[in-house]
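Read through the structure below, which is laid out as structure tokens, and then see the notes.
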Amino acid sequence: MCRFLLYKSNSPILLADLLTRPAHSIIMQSFNCKLRIDMRRPMNGDGFGIGWYDEPRTKGCIFTSTLPAWSNLNLQRLAEKIKSALVFAHVRATTGETATSESNCHPWQFGNLMWMHNGNIAGFDSIKRRLQNSLREDIYLSIQGTTDSENAFALFLNMLEDPLNRAEFSHNELKQAMLQTIAQLNEWLDEAGVKEMSVMNFAVTDGQTVVCTRYITSSENEGASLFYSSGSEFKSDADSGQYRMIKANKREDVVVVASEPLTYERSDWMVIPTNTLLVITPKLNVHLYPILDKYWNPNRGRHVL
Amino acid sequence: MCRFLLYKSNSPILLADLLTRPAHSIIMQSFNCKLRIDMRRPMNGDGFGIGWYDEPRTKGCIFTSTLPAWSNLNLQRLAEKIKSALVFAHVRATTGETATSESNCHPWQFGNLMWMHNGNIAGFDSIKRRLQNSLREDIYLSIQGTTDSENAFALFLNMLEDPLNRAEFSHNELKQAMLQTIAQLNEWLDEAGVKEMSVMNFAVTDGQTVVCTRYITSSENEGASLFYSSGSEFKSDADSGQYRMIKANKREDVVVVASEPLTYERSDWMVIPTNTLLVITPKLNVHLYPILDKYWNPNRGRHVL
Amino acid sequence: MCRFLLYKSNSPILLADLLTRPAHSIIMQSFNCKLRIDMRRPMNGDGFGIGWYDEPRTKGCIFTSTLPAWSNLNLQRLAEKIKSALVFAHVRATTGETATSESNCHPWQFGNLMWMHNGNIAGFDSIKRRLQNSLREDIYLSIQGTTDSENAFALFLNMLEDPLNRAEFSHNELKQAMLQTIAQLNEWLDEAGVKEMSVMNFAVTDGQTVVCTRYITSSENEGASLFYSSGSEFKSDADSGQYRMIKANKREDVVVVASEPLTYERSDWMVIPTNTLLVITPKLNVHLYPILDKYWNPNRGRHVL
Amino acid sequence: MCRFLLYKSNSPILLADLLTRPAHSIIMQSFNCKLRIDMRRPMNGDGFGIGWYDEPRTKGCIFTSTLPAWSNLNLQRLAEKIKSALVFAHVRATTGETATSESNCHPWQFGNLMWMHNGNIAGFDSIKRRLQNSLREDIYLSIQGTTDSENAFALFLNMLEDPLNRAEFSHNELKQAMLQTIAQLNEWLDEAGVKEMSVMNFAVTDGQTVVCTRYITSSENEGASLFYSSGSEFKSDADSGQYRMIKANKREDVVVVASEPLTYERSDWMVIPTNTLLVITPKLNVHLYPILDKYWNPNRGRHVL
């Protein structure tokens, strides 16, 4: 089980303030984490990746490494220099099925789109060939690694028109493609007779809109944890040195979605309910939509796992 | 363009005597090489791999790295300790289409079989899906990387019965599977309308028999260079310190096949003619067979490229 | 805080049976460990190293990597092939002061000697120059990295006559050099006014004798944990599949020393008391000696931390 | 022998336009280079580093890797995003004495200062201890690797007052410290009786002024090649796609110093004479000073090696 973080704001943040300096940053979480549902691998040392955009309507940049994030000098130095208003970050723990290689590090890019995944598609091998055969040629040939996550991205791309060359997408288009991707995976998994639960916390952006999900193929169990927070600024408190989400006014200038809260102030963080899709619009409005398929269960426990 | 080496003998050689100590070893060749046909990448610094067997009828071992071979301390230290009577070695230069990752380093293994490739399959993208769709499920799912070379291995495996679990194969079986692999690739490349030449210097072993090819999809051009040498021992000369193939008696106790001669004594090395398949039997007999397809041309220049 | 393991036996063990297959192997421990005294870095993902000897009176071999041990394919493949009767293994967590680089991975070699360290020398910077100035030139120039651990090895070497060229050392010689090393470090640390505790779990071998310590510069606190176990064979139980130390007869054919027990059978493991030096002779006799300096305290709690 | 490049301009350049896109960029040079004086290692695949400043009077950023520059995906992606008006770049070939590790990759930083070296200090081992003993404590402890180059930087830092905390330095101060560094190295090398030639092409900057040298400890031989070019813009020609130094007006807005010309237009490039110190002022004035020590020889051949 991996974990991810995404950040979107009206003005750029120094990556260090998001990734390396906070005591409870995603990198520190990769040492010690309590909110997991898969205990096979007790932490996340099998590579990481960060992606960010510097200007709207352009391709983002990605930095990935198979070395652990916490001892990566290049990451630490770059994070002190790079500023961005839209950041994806991912730390990875292999589940044993796929190799640790840079080709298997999240996020992935295709045109202006960027994708990452926390979770795993159970029984993926039983649908891999079918998935790959459904893809348009350019998308099929773009696959560089062997993970379920990258293949799910390919399937998502296949739901869009001309994903390689378009600068931006409407948020409805991205939302629909995400729902179709999950529906298609479910259909194939059902037909293959896969009974194990799949965890599909996906996140995608075109550099302007962000769509992400907290999803599990179960109507009973909670999915892998996912939280969000919004406010006017994410920064360290002058007194305590602790990072906080500042809520100085009614405006929302920052939205963060993360597998675990990034600050010790739990009241800053709202749980995204299991089997929910979240949209962050270019203007930073946040919308949550229940995913109303056969796994939808309004009575599922709302408590944090 | 990459280069490879394979060594088979009656008694184990220290890997250092084959790989790291000779002045003209495959690793030193990776710095500076004159016998190429692809000048896009003037040397081989994009990873390497060595494979070896310690006992007959067992799975071999592989050591791969994306760091250059010449500065790899682990390789240098291991080579001073490991002895083997059957060694594959490969240094890689990407041709730009595929990433430098350990998943893309030769050789690959499947059961007791080991495979490497020097060359490239032109227009591979245009036949990739068809190739993968022809594969049995376990072979399809075993593919870890994105190279034409690993996919060609998968196609070869698909020509064999139960390649994962059998301890050994007759040399005729391996030879036929190799010829079928080349024929199948050619058929698909033709149907896809690929006109560029493909270079298919393949090598495969089950730990006992070795089959390799020097092959190009052209009846005019020479293929990528390939040489072989045999004798009673491959060792350094007491006087000069130079490595030599010793021919102390009529017996052949050592056979080496390599993209370039490993010693400065050119008379030690015989050119393997273009479009030839070579078999080394478990008892170290060497047989050369012309590959009699439409690219066979007995009048092709016999000179070394 | 790191952890280490050393294994010595009368007959070679497959490295996989020691390092990668046991459910509670040193590599699995590197995920999740409970017996630490330094909680700054909750696990060990900053590189690892293994060292082993194949023949007595020869230089050992080392394999190190800055990638985490648990996802290192080369380690997994080599461990299935290499057998040795004397193995050192180390997983590393940087304490922030020194870089993650192969030069900083344990164990280190000098001639036939091999060295590793679990712990840290507090205030090492304040004695580094003095230590280096005390070294003979060849030893000073052999230092490749920046760790306190490697510098402590250099100091140890400096206590020996001709450590580079001698094939073996008496166990008394190694023991005395170890005690002198600790005494010298203590003297300099005192003179530099360092008050923080240093943890000096050192292990050294010449390929035949092993000397190691559980030591802390405190008369109150327990040192970093260290255990040993001996028996006739270390292997997996046919029924449970769990690794066990078999005690089939009175003979001791295997001795293992480790930062944490390698098996779930706690009765197999004896605690090495804090501030004790342990010697394993070439014939596998084990001797424990209290280190009778100013930190010696016979009434220190004997309980496991 | 390595090679380096430094770039300083009035307005930022995209790193890709300097490092990865030009057909004769430093990275492509690392494949194939003709202007060397040390043929032991025929190319540069033992790591690389780039350093750049984004704002004046701040610490620069560094990205280093032990993977070859030409196959480094992170470098290629970052170069498409990062812009800077002051860039250092270095590709490294080990000379066998020191390990390939990130600690040994150029450039190094200390406060706002950045340093790189093309060449080697012959017999460095014989002066290493003396050099390290001459250093102030903070500088001595900052050394992370084992190279002559990093130690020479330490010696240079030792010539300056408070190099860690000052934002900037006068160009005279940097020039004098460079000359003192070379003089001190020469004095110690002489006293140690070293007869082999040392090559000291050093470059240093505080983010505003650049000082570099082409220097050899010989009055007969030419030093390692070094060239410079200046103009109004370094960019690709619209017609040919070739990179050129544009000289649109009399103003000098760009200065490049490089081990080899970066463009095919040799008339763009001036040879820096052997044993010369070059200063680029914050306002982009370029001054050349002969280094008038015992190795100065006005009649040394001015031809390019």
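A, B, C and D are the chain letters, set down in written order, and residue numbers restart from 1 in every chain.
In this text, contacts are C-beta pairs under 8 Å (C-beta built on N, C-alpha and C of every residue); 3 or more make two chains touch, one makes a residue touch a chain.
Labels paired with UniProt names: A, B, C, D = Glutamine amidotransferase subunit.
Every value quoted in this text rests on a predicted model; they were computed, and no experiment measured them.
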| item | value |
| --- | --- |
| Set of chains whose contacts include both chain C and chain B | A, D |
| Third chains touching both chain B and chain A | C, D |
| Intercentroid distance (Cα basis), chain C paired with chain A, Å | 41 |
| Two or more partner chains touched - positions in chain C | 73, 99, 102 |
| Partner chain D, residues of chain A touching it in the complex | 54, 61-65, 73-74, 77-78, 80-81, 102 |
| Interface residues, chain B side, partner chain D - complex | 31-32, 41-43, 45-46, 66-68, 70-71, 73, 94, 99-100 |
| Footprint of chain D on chain C - complex, ascending | 99, 101-103, 125, 128-129, 132-133, 137, 140-141, 143-146 |
